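In the two assemblies presented below, subunit A is common to both, partnered first by subunit B and then by subunit C.
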Partner chain A sequence: MPRFGQGERAGSATGEAVKAGEVGPGGWERRGRGRAWSWARGNLAFLLFSLVALTVPLYLTNSYYLSILAFFAIRLMPTIGLNLLLGQAGQISLGHAAFIGLGAYGSALLTTRWGLDPWAAVFLAALLSALVAVLIGVPALRLKGHYLAMATLGFGEIVLILLVQLKGLTGGTDGVVSIPPLELGGWSLADPRLFHVVVWSAALIMLRMALNLPRTRTGRALIALHRTEIAASSLGIDVAFHKLQVFVVSAIFASIAGSFLAHYVMFISPEGFGVTLSVLLVAGAVIGGLATVWGAVWGAGLMVLLPEVLARYNEDYTLLVFGLLVIVVMIFLPEGLAGAPARLLGLRRTLPDTVARRSQGEPVEDRGSECRS
Partner chain B sequence: MSLQDFLQFVFAGITSGSVYALTALGFTLIYNATGIINFAQGEFVMLGGLAAVSLHSGGAPLALAAIGAVAVVTVVGLLFELLAIRPLLNASVLAQIIVTVGASLALRTAAMLIWGREAVALPAFTEGAPLSVFGATVVPQTVWVLGVTALIVIALQVFYRRTLLGKAVRACAVNPMAARLLGIPYGRVVLLTFGASAAVAAAGGVLITPISFMSYSSGALIGLKGFAAAILGGLGSPAGAVAGGLALGLLESLSVGLLPWSGASGYKDAIAFLILLLVLFARPQGLLGQVSAQKV
Partner chain C sequence: MPVLRVEGVTRRFGGVTAVKEVSFQVHEAQIKALIGPNGAGKTTLFNLVSAIDRPDDGRILFRNPIRTGDAQIDLARTSPHRASRAGIGRTFQHSQIFEELSVLDNVKVGRHAHGRAGLFSAFLTLPRQRREEAAAEEAARRALQRAGLGDKTEIEADSLPLGERHLLEIARALATEPGLLLLDEPAAGLNNEETERLAETVRRIRDDGVTVLLVEHDMGFVMEVSDEVVVLDYGEKIAEGSPLMIRSNPEVIRAYLGEDYLAEEEPR
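Here is the complex of A and B:
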């Protein structure tokens, strides 16, 4: 399995502090229990999940259910990215639909217009998204809180406007049609069962990478800067670089999801990649839970299943439910669905350091100072 | 471009600029009292417009429909504060952003379920032939937009400068802790602020609906542009919000008019966001604001 910078354990001073287990946003480092046990349990969960996810096509042949599961994997990818960005780095992006759009349009245009191999298109689109993420991330990630949220929202809107307006390139509101499906060793992935295995393999690789992240130097740096950027940077952590790193990784995940989407449904149009999707992804990540990467699985699952459950009434209710649910979760269940069982059973003695952690003092008083780090 | 065309774009600019100014003012009110940016601000504008259309088509005279719509949205703003903001008043900035973003999603979808996807419009407040100013035509509604906007700005100024309650709100903006120690009920001030902010936004929505159509999805764009205006003028300054709104409206309208490129109008919305990004990246304290030191 690919891993994020493995073997970087010999930690810096911050690494040691984080390893002590009191700084982590909960979930990975457990006090009072052996690290080996925690490690084994985490891997067991991942292995079981992978096994179930990859063997589904053996006993499930209903193409409707398979398509729901394929969309689950496609939603899971950007949600993992946002889970890392929000939960571990404490940075928000309300423009991630733009990266899904860049991936989808990159794949669609490179294959239909320039006749590129679909896999090469997926790779090049991801590269393009990474480049855009660096260009937008370098100035944007210097901003904090509300400013970062608005900047990413504005970025998302600009990308959407470009997708609609650059008619000569993107086909405008008509979108792009007859995008070729992916192939693997001569087998066309238009076969839903084959596509299922490939798309879930990709999603599982991303999940594994995300699960490994807290055990790497970068992961520990993110945890530290989430707590307090000033202390982290005074300990020698390159705050800007680490924030950019996770932003770019999350953009790549989103872009690959967009590419899979384009090659799967074979038709794309710009309206699906607007603010609503960006907001929905953030809501999904939050509802699933930010304290652990598994929250992304819960969130993406809910994002895909809820419309199916509500479809008999009206699938528009999904967005309403998500909007209300995210408020309820923020107020009553800061660890999200992933933390709900432990919370309800009273297993968790101390609240993990989640996004909703109460600040110690008063509401922000010195308002002028929030603009810049 | 002739003077006549130029003036035409200027009038269009200050008309939409007035609505941006009111939206920006709504952002500023809440930000000053709580330090929160309300991502649902644009939805209040949208709700104001749509509620007025419903009340009017339900038989209410236009004036009553306008006042009723502002009242309804004010109640929504108050409920929003009580149910969603109050529990998280001391939470992290990220939690506050997520809650208001969630609220915007919920309000937008609720509006779609109530009013459908169609864009609707109100009749103009007064009948009458368009005025002619140096050859440029000005519809009477433009005069209404400018006049009511000016009235709201003046009324807010009087409230904040001259009344005891207004001074209490300003005290909370300067230092919530000290204000509370002086016996100012901070919770009630925040509640009042959300109500006032929703009312101002709704008024903007009612004013603009006769000129540009309103639909459930209009709020997101207006909200983002209102924020761009607030940032342009320096977040936290009411005068800056108004100046920023008018400037943004003018920039938008004139860039569409002056760019020698026929497809430019499709990019009109992008201009506002480009300005937003440029100001955020280069001068996040706004064009008029001052750099402040950061407290560690």
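Here is the complex of A and C:
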């Protein structure tokens, strides 16, 4: 890392104007260009990722692998929601499995008991989840940190208990069987390849929407209230409204994932929607990385693929490995897996405290070498 | 017609009365300073005016001079984001910038209430979203220009030195197009040159027609920029007037320097 000369240091200390284009402290010009470049790269990355994701069924016909990829898409949806909720707005939810459960049960019951069209069921279940999210979110989002975590945890547990105990409606621990598959233009999505394309299209739409968010009025409002609610509200941001809105969106994403799951596996039971899943969802979002929406892709991918790999050896190791991974990522990769390639290549953004000290002319150790070693 | 009328405002915290029946007015295009020893209730009063906190008693009436169609509102009975939308802009004693955003994006946050594009437009990047984004960017650049940071737009906010962080907060507040700008200790921690630059900026903002109310410990700065000064001590207003009058007011000297100092001074 280049150090600044005496002259530049004096310049920044007196607040003297340093024109863009000159090499000022922190290499501003380079950063400005980096912004445009990262935007173009983000679009390109999305196009390439979509292309690969949607064309997989052309050359991969093994239904086992296709099912894993379908579960990847299904897991990706709630992880994107949590990435927005936790990463951008800074609000935790340990009850998101309940929204997946509401989506799954909503779809299952509306189709099997009331004979609704599966797509209408997906839509109605999402609407129901949104309503529940509003009812839970209004009081819960007034809480912060641990208290919000506890409230959402409690909510998740209540939904699970209801799913088990309302036997007349939900079938209790036996669950719901013979859920009809989705259809599209007369084609049944029981065909794993068709289902793959549809479920991935839905996940990619959510990904694209989430990727669009940070550079907008709403996205900045979330980042602002995450940092400091008081400053955000003093700038005219309705903090409660924006927190609730992103909570509801994340609930809808989770609910749609649950619906896809129900129509895909055609059988659901309550035990899959407990606290363990809620915690794994948050763990996946964190391991993948909260600094960028791409973190959700990394996190969901890992959470789905890793158990498949580990299951070949011993299933019991799965949670243990996840736990260790969270610890390792937290210590060595604060930006999560999504930040890993840049970090390993030494391109990672300089740590904020280093930049601040540098701009005040203080010598700082280059911590990059430490991190890489 | 005053911009701000603080009328008999009282705020208690448990047994402590932080602000006691304080009344004063701020007039249009005036820089008014709120001074007093530590614990005098200045920041409490500031939080009341920006509606972050509510008084136990009294009214805080605000009429936005730059949007004359707006009705007068009582800031004692509203929420911070509504106060902001009504035309109250503020900065904070301890820098509250959004460090993960660029300087420009920090100021764009200040344009929030001037936009309408919601989550749906954002998700789908609708034309409305793009139009608003362009407008917000232009307005943010203007606000940065006014605060004297026009050449620092693309920098990460966390790399600004302290003096410019204060200016960034001012730019961000200006982006909301406030009728009344509240500055909470803007000169704290600044060196002489930075303070001078700040004073120039604040005067220029006032000359543009923005009314300013500020809390400050740096007396040199207060005396230099203020048109009028209100002095608080133990939550009560003990003096109000021009900087010159305040400087020689025995009550003020007593509050700041103690009874002894006044006694010693008098024989001369």
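Simple rule for what comes next: the second predicted complex is superposed on the first by the 315 of 373 C-alpha atoms of A that agree within 3 Å, B and C clash if a C-alpha of one lies under 4 Å from a C-alpha of the other, contacts with A are read in each partner's own complex, and residues count from 1 in each chain.
What we mean here is this: a contact is a pair of C-beta atoms (placed from the backbone, for glycine too) under 8 Å apart; a residue touches a chain by one contact, two chains touch by 3 or more.
Fair warning: this is a prediction, and the values are worked out from it, not measured in the lab.
Undergrad: Looking at the overlay, what does A:A224 touch: subunit B (first), subunit C (second), both, or neither?
TA: second
Undergrad: Please name the chain, subunit B or subunit C, that touches the greater number of residues in subunit A.
TA: B
Undergrad: Looking at the overlay, does A:W119 come into contact with subunit B only (first), subunit C only (second), both, or neither?
TA: neither
Undergrad: If we overlay the two complexes on their shared chain A, which of subunit B and subunit C does A:F49 touch? Say first, second, both or neither.
TA: Neither subunit B nor subunit C is touched by A:F49.
Undergrad: For subunit A, which residues belong to both interfaces, subunit B and subunit C?
TA: 230, 355-356, 358-359
Undergrad: Using the touch definition from the top, list the residues of subunit A that touch subunit B in their complex.
TA: Spelled out, the residues of subunit A in touch with subunit B are 86, 90, 92, 94, 139-140, 142-147, 149-151, 153-155, 157-158, 161-162, 164-165, 230, 275-276, 279-280, 282-283, 286, 314, 316-317, 319-320, 322-327, 330-331, 334, 355-359, 362-372.
Undergrad: What part of subunit B is in contact with subunit A in the complex they form?
TA: For subunit B paired with subunit A, touching residues are 31-32, 34-37, 39, 83-84, 87-95, 97-99, 101-110, 112-113, 175-177, 220-221, 224, 227-228, 231, 236, 263, 266-267, 269-270, 273-274, 276-277, 280-281, 284-285, 289-290, 292-296.
Undergrad: Which residues of subunit C touch subunit A once you look at their complex with the stated criterion?
TA: 50, 52, 79-81, 83-85, 88-90, 92, 96-102, 105, 108-113, 115, 117-119, 121-125, 129, 132-133, 136, 151-152, 154-156, 158-161, 163-164, 172-173, 176, 191, 193-194, 197
Undergrad: So in the complex, the part of subunit A that touches subunit C is made up of which residues?
TA: Residues in contact with subunit C: 12-15, 17-20, 25-26, 28, 31-32, 35, 209-210, 212-213, 215-221, 223-224, 227-228, 230-239, 245-246, 249, 352, 355-356, 358-360.
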